[in-house]
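Chains: A, B, C and D, in written order; residue numbering restarts at 1 for each.
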Amino acid sequence: MNQIFESILDPYYMQVLTLLGIYIIAALGLNLITGATGMFSFGHAAYFAVGAYGAAILTVNFGFPFYIALVAGGLMASLAAIIIGFPALRLTGDYLGIVTLGFGEIIRVVFLNMKITGGAIGLSGIAKETNLSIVIVLVMVTVYIMYALDNSRFGRALVAIREDDIAAESMGINVMTYKMKAFALGCFFAGIAGGLYSHLILYINPSDFGFAKSFEFLCFVVLGGLGSIPGVILGTTVLTLAPEFLRAVADYRMMIYGALMVFMMIIRPKGLLGDVNLHRIFFKKKYQKQANRSTAAGG
Amino acid sequence: MKKKSILLAIVTILALTLVTVGCGGGGGEDTTSTDSNDEAAIKIGFLGATTGGHAYYGINTLAGMKMAADELNEAGGVIGKQIEIVEADHGSKLSEGATVAQKLIQRDKVNAIVGDPTTGITKIAAPIAEDNQVVQISAGAVGDYVVNTEDGKLREFVYRNTLLNAVAVPPVVKYLKDELGWNKVAVVTSMNNDYSVGLTKLFKEALNDAGVEIVADESIQDGDQNFSAQVTSIKPNNPDGIVFTGYYTEGGLFMKEVRKQGLDIDMVGGDGLLAETLWEMGGEAVNGSMVYCGFAADPTMAEGKTKAFIENYSTANDGALPDMFVAQGYDAVMMLADAMKAAESDDPVVFKEEIKKFEDWQGVSGTITIRDDHEPLKSPVYLLEVAEGDNGQQFKVKAVIPVK
Amino acid sequence: MSALLELQDITIRFGGLTAVDEVNISIDSGTIRALIGPNGAGKSTIFNIVTGIYSPTSGKVLFNGEDITGTEPYMITQKGIARTFQNIRLFGKMTVLENVKIGQHCRTKSDFLSAVTGIINPVVKKEEKEIEENSLQALEIVELADKRYEYAQNLSYGEQRRLEIARGLATNPSLLLLDEPAAGMNPLEKQTLMKMIRKIQDMNLTIFLVEHDMKFVMNLSDRIAVLDYGRKIATGSPEEIQKDPDVIAAYLGKDVD
Amino acid sequence: MFEQQIINGLTLGSVYALIALGYTMVYGIIQLINFAHGEIYMIGAFAGVTMVTMLGQGFFVSITVAMLVCMVLGVVLERVAYRPLRKSTRLAALISAIGASIFLQNAMMLWKGPQPVGFPQVINDAIYHIGPIEVSKVQLIILATSAILMAVLNYIIKYVKIGKAMRAASQDYDTASLMGININRVISFTFAIGSALAAAAGVLVGMYFNSVAPLMGVMAGLKAFCAAVLGGIGSIPGAMLGGIFLGVAETMGIAAGFSTYKDAIAFTLLIIVLLFKPTGLLGKPIQRKV
């Protein structure tokens, strides 16, 4: 499958698209946490880093096969999320955001001081395993999983928690366990994306996973459209490719990027594809009937 | 349910292909080069940052490259072709480093890349340059696993013209012990700085070999502004000098604290300290501080090529002196030109063989020999000292230590 | 007719304030019990104690004889006690049907693994269909079935009240707590609500009702308990309560002699 | 040794406090985490250094001008990046704040170049000995200026009409506007005061550490925000206490040899406090009405 891509695309696009696919997987993970369940997670890059380092150390130091290391990296990220979730998920709103931001920085500093991660010198010599076809397949799998979750009992419970957690608890949802499951699951995808990242870039350094990267993921999700799968995909695509398009303006690149973010937020506060929901697109006729039914009945 | 998942897959593939088409148009040729981009030109790509934390090194390396390209083009170019510098900025971000390397090779079809001034991004670009058979010369990376891979394989297309710390540290330590009589030293490392962590390792080995005792081992962080705690704990051990392996901002502030707490000892460090910022931060406290590096612009002592280079640069930059990155950026382009002339070809696969044969190659930043492990043996080591000059503080060459 | 729910001298203090003081209430199954009293008498507090949102300083809550004092709210719902809220707490950006489906949550099991394998896993598909049917049934009772795909936040006030009841019904409870269901409704809507509550009672459900509208309470409830400043001052049939001097004093104040 | 660290800690802490006040006041009124506030602190520092180097002004003139420049900048920032999003979700305003901070960082880097700029000696430094402790003149000036500014702020908040309006708005945004308070003017004023304090902090840090860099605002802003939350977001005395507390704790941490974990100290401290007292040291617990 990869040869097809190699023939039509030159490696520069492959590199950009592969990175884009990786960011989409991580952003969809964050969308499950912040978009569906409404929990502010400002430290997403830390779980991305746990996956990146976890998978890389397993393949480099212990000779694990790539796919096993990748899943192991995801599971390690989920484990980290559960450990951090216990204290953090008792808080809500901005306070949860601040605590997750804090834990994100603590994880970065821990990686900076660990021997096995190579500390400040970083970890290099990682084998090149990630290519565009693997990433596209994993993006589609992630999108399918997120879509399936969205329209399941589990997904509905998460959205109920976002809308009103006290009412959700009174309707028999164990809010704490569901928040923990959503957090661990979202971070699992960040871990997988991290594993793919380290086997694409082949050199990882803790400074790359600071809060700047966490905010980057947050921007993908919020700018794309909280809770909307197509929105998050479009948001990630726009914000990852903008720096490439803006290369032509060289020095002004990042300045325009910042201004672009402010501008896009103002014209679309709900995100590019705010309330667009895949489910409603597919079942247009069902919802159409509702529209004319409610107008007819003067509801 | 079946219909839904197919529709879903189509939406995702559609999104991705839409992107490739969009991306194709966007990538665009942006050679802000010295002259028109005719096909006949030899393209040399600049890999570095002009924004973000490492912008300072990038901007200077680029200046040196452009100076060399202009001189070569005025002298009729290389093997009949004009030299063209292709710029790109990765904003000091690791992930963008890989993207820029791919862009230079695939979109701009460069013959060679000069960059990155830092070890991290050089290591990211090296496998990409190696696989695509494009020569990469780093004008700043001093860490390990640049010219060779982690599993010991030598890279055919990746070289550098920097003074390696492993080459420079032993002669410097010998000089400190024999000439300046340092027998007890304090070592200060910036923990979140890979350059500093690596350099401390080398200094400790050289200090032990030379029999110099390490009486204090303190750590700081890049971006720290408050070193009162560390200096207070060094003071009671009264060392003869301080080995500071961090960057210039922290170095200057550290010396300010050392003088504030009444310690009358000097500091020695690597090229991380090499910038006016050292005395802008430290003021007179850094007078007497020593820095070894691969190049130092000292018009009074320089001769031949180096003298001309310094004069040309300072006339073109209203009196400013070129620093090591300008010189090594300049030398990198000149090395590429000489290799192409010797091989009479601008095909990296061909002229890379010539680079391996460099023996006492005379550059503006020193004489360079590429050893058989592809590492550069550069001589001499310039030991500089901060002193009050006519227009304020400047780096003065304290000693020129030949490297055996 | 055994007592479905018993409150045994329930007391709760917030800091120095005693919001509920030694209250004893026992409700027989199948009946409609109302709880009335002036504002701030502690009515909603008692609701919150029964549903586990507050745990009482002292006293016990028995449900079917089982002590459920201080249990987690979501477990109390699983045991069969559903509630509505004084100020409506619906899931605004979810459709009417989805709101009611949440009620079915404690009656179903599939989690994220089964969700993902949902396409091919028959058990999950059957469960989803069941949830859909039960939810539609609940919506039929409150006559909101035709608005099933509308977002809950777009419904009118009366409709939102009825949706909350439907959501409670979907947890197929044995006891339904209604917190001022008739508040803010016009007389016509109150009529339909009364009819609906009677219909619910016929499905042998027990109803525990907090309400201010005396006419509504009087001709709907079987027995009424009256609360004043956190203490129970009277219990009895609607007729007895109307004539009880303490109740009149609590509501209309004593004549100054 | 210990007392010396306390002094260093207090100096650093008072700077964190000045910045933290900006975060707390803005959050108190519109519940917005103004991530671009760190950049305003940086621009204040640059304004100060430009006054000193270009126009050779003394300490007082440059700090006042820096505060004025940043007051205007703060109001413009609110007007452009936050007012349009006042009705939308909090995350939308947050992303706009992040965009604004990226814009300001890179604009400054483009104008003044990426490397740090030296802050010349504006005050001839002298060391005073009080018992075992050595306090430099610059440290005294920082402590004094911060104290004065905080006192002035307290006065404004308590007794001046606009200050009372600010407190009213932070209690209940809508009711305050019903009471005839021009909310937009109050919010602009809050941004102005917060930015002025941050600018002062920037000049003081520039003077104390002789270094001013385009990226200095990033970490300092984040830590000051931690201080604001530590003290109880929304509470002005809380921000002061949180800032001092954080400054001392961080210096103690470095002295105890944890300098490699320096950045993590602030966050660890914050998390511990938040887990036991979710609304911070002085924050008032908000009971969620059911």
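Everything that follows uses one rule, which is that a contact is a pair of C-beta atoms (placed from the backbone, for glycine too) under 8 Å apart; a residue touches a chain by one contact, two chains touch by 3 or more.
If you're wondering where the values come from, they're calculated on a predicted model, not measured in any experiment.
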**Item:** Centre-most chain, if every chain is reduced to its averaged C-alpha atoms
**Value:** A
**Prompt:** More C-beta contacts across A-D or across B-D?
**Reply:** A-D
**Prompt:** Rounded to the nearest whole Å, what is the centre-to-centre distance of chain B and chain C, using the mean of the C-alpha atoms as each centre?
**Reply:** 72
**Asked** Where the CA atoms of chain A average out and where those of chain D average out, how many Å apart are those spots?
**Response** 31
**Request:** Give, as an integer number of Å, the spacing between the C-alpha centres of chain D and chain C.
**Result:** 49
**Request:** Averaging only over C-alpha atoms, locate the centres of chain B and chain D and give their separation in whole Å.
**Result:** 36
**Message:** Give the residues of chain B touching no fewer than two other chains, as numbers and ranges.
**Reply:** 5, 51-52, 191-192
**Asked** At which residue positions does chain C touch at least two other chains?
**Response** 53, 85, 118-119
**chain A residues counted as touching two or more neighbouring chains** = 112-113, 166, 251, 254
**Message:** Please output the residues of chain A touching chain D within their complex, sorted ascending.
**Reply:** 34, 40, 87-88, 90-91, 94-95, 97-99, 101-103, 105-106, 109-110, 112-113, 166, 211, 215, 218-219, 222-223, 226, 251-252, 254-255, 257-262, 265-266, 269-270
**Asked** Which of the residues in chain A come into contact with chain B in the complex?
**Response** 9-17, 19-21, 60, 112-113, 119-122, 124-125, 128, 136, 139-140, 143-144, 147, 197, 200-208, 230, 233-234, 237, 241, 243-245, 247-248, 250-251, 253-254, 278, 282
**Asked** In their complex, what parts of chain D are in touch with chain A?
**Response** 27, 31, 33, 35, 80-81, 84-85, 87-96, 98-107, 110, 222, 225-226, 229, 233, 260-261, 263-264, 267-268, 270-271, 274-275, 278, 288, 290
**Complete:** Within their complex, chain A touches chain C through residues 145, 148-149, 152-157, 159-160, 163-164, 166-175, 181, 185, 275, 286-287, 289-290, 293-294, 297, 299
**chain B-facing residues of chain D, complex** = 1, 4-5, 8, 12, 106, 109-110, 113-118, 121, 127, 136, 205, 208-211, 213, 215, 219, 251, 254-255, 259-260, 262-263
